[in-house]
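In the two complexes below, chain A is the common chain; its partner is chain B in one and chain C in the other.
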Partner chain A sequence: MTHPALDLNDTVHQRVRLGILAVLEEAKRAEFKYLREALDLSDGNLSRHVQGLEEAGLVRGEKGFEGRRPRTWISSTPAGRRAFEQELKALRALISRVDGS
Partner chain B sequence: MTHPALDLNDTVHQRVRLGILAVLEEAKRAEFKYLREALDLSDGNLSRHVQGLEEAGLVRGEKGFEGRRPRTWISSTPAGRRAFEQELKALRALISRVDGS
Partner chain C sequence: MDEAKTSHTLTELARIRERTAVELEFGWIPFLVFGLAVLGSGAFTLVDDNNLGTYWLIAAPIATLITIAGVRRLELSHGVVDRNELFYAAVIVTMTAAAIVLGYSLDNLASDVAPAFPIGLGLLIIGAFDRSALVAGAGGLIVLWATVVAIAGPGNADTWVAFGEGLILVGAGVMARPRQDAGLPQNTEPIGRTS
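Up next, the complex of A and B:
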């Protein structure tokens, strides 16, 4: 039997990325600025991690306008939701293994 | 209210480090080779992360012999156990927030 830590997925496990996917799980679609404030990040830090998740096919960005203001909305892709669910499953397994010991 | 992802601690959250601390929570003290096999790591990868945790004061290594064979045992320090508990608390909060949404 392998340790549940082996099932953690580096692409989504990183703290900021896990936060982004968790917010998107609740919000379905979030404005860039909302994510930045919810996770207390700088523009640069959030951009970098959104880009990483986008390159992995786990989130997508959509540019548009709200009135005259340019906005970027971020949402999870189906692959992103699956990866997040798998990560939660691995975290639950790790926690229950520790609780059982 | 801040998002629970903000309470994740980068020093212990990293996948391999979380795995090391989880094994040490069960085993109290583990031989280097045991950790390496339990977490399916290379010597170099495990050494690097043990060293990172050691520098942060979260684990300690103890060198000794088993018969004639040199061995290294790794154990969590009290600060390591506290940091791991805090991390689990943050992970539980993140999971229950997602479950509640």
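Up next, the complex of A and C:
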């Protein structure tokens, strides 16, 4: 049996990135501004993490306009949702391993 | 990552998901819109008891459009879109269409009470899907009310069914709304502040 820590995904295993994926687990898509406020991040910090997740194919960004107002919507890809579920599973396995020892 | 930190992260993620789910609670809009349309149908039966089908052919699309516009507006102002919106839309359209077809195809008492059953069943399905006691309870109450009216068999059963069903829907909408306005749980430590 492998150690649960080996199942952790290096791209996802970061609290802000997990937070982004947690929001997108519930919402089909979320506006950049919503993610920034919900996770209490700066624009630059959120951009950096979204870009990291986007490059890994875990989220996708979509720019558009509602009237004259520009909006950026972020949604998770099927791979992103799978990665989030696997990360949660690995984290829970880590805890139960510590509790059981 | 130590156990306490891992446990804290999992708790934090659960709270973020809960906050997002609260932001996405737009169910009070269709409850209120369709509830008012059903109450309107009850008033309509007092004036014209023979053309309720025509009333619904006009009222159902209008209620659907108002619901879509209301939900869309809230989604844009909140900045989140529900993952299950197509499922909800499909159930609402199906139960409304089934109610109209039953009203048209049956006669007498059956045509008065039968349309309430697909509405109640549709809400029970959404309630089970969402694990929402409020939505399932409203569905169950509508089925119960239509059954009571069917057994009692009053002369103007369609009026009784419509007013009962409309009040249940509007009541559920009013009960669902305060949680939306109550805002987000305040006990969540912002993830950005601790990263």
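In this text, the second predicted complex is superposed on the first by the 101 of 101 C-alpha atoms of A that agree within 3 Å, B and C clash if a C-alpha of one lies under 4 Å from a C-alpha of the other, contacts with A are read in each partner's own complex, and residues count from 1 in each chain.
Quick note on the criterion: contacts are C-beta pairs under 8 Å (C-beta built on N, C-alpha and C of every residue); 3 or more make two chains touch, one makes a residue touch a chain.
Values in this document were obtained by computation on a predicted structure and should not be read as measured data.
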Touching partner for A:Ile95 - first (chain B), second (chain C), both, neither: both
Contacts of A:Leu18 with chain B and chain C, given as first, second, both or neither: both
Which superposed partner A:Asn45 touches (first chain B, second chain C, both, neither): second
Touched partner set for A:Lys33, first chain B, second chain C, both or neither: second
Intersection of the chain A residues that touch chain B with those that touch chain C: 5, 14-16, 18-19, 22-23, 25-26, 38-40, 88, 91-92, 94-95, 98
Of all residues in chain C, those that touch chain A in their complex: 1, 3, 6-7, 9-10, 12-13, 16-17, 19-21, 23-24, 76, 78-83, 85, 190-195
Chain A-facing residues of chain B, complex: 2-6, 8, 10, 13-16, 18-19, 22-23, 25-26, 38-40, 88, 91-92, 94-95, 97-98, 101
Footprint of chain C on chain A - complex, ascending: 5, 14-16, 18-19, 22-23, 25-31, 33-34, 38-42, 45, 66, 73, 88, 91-92, 94-95, 98-99
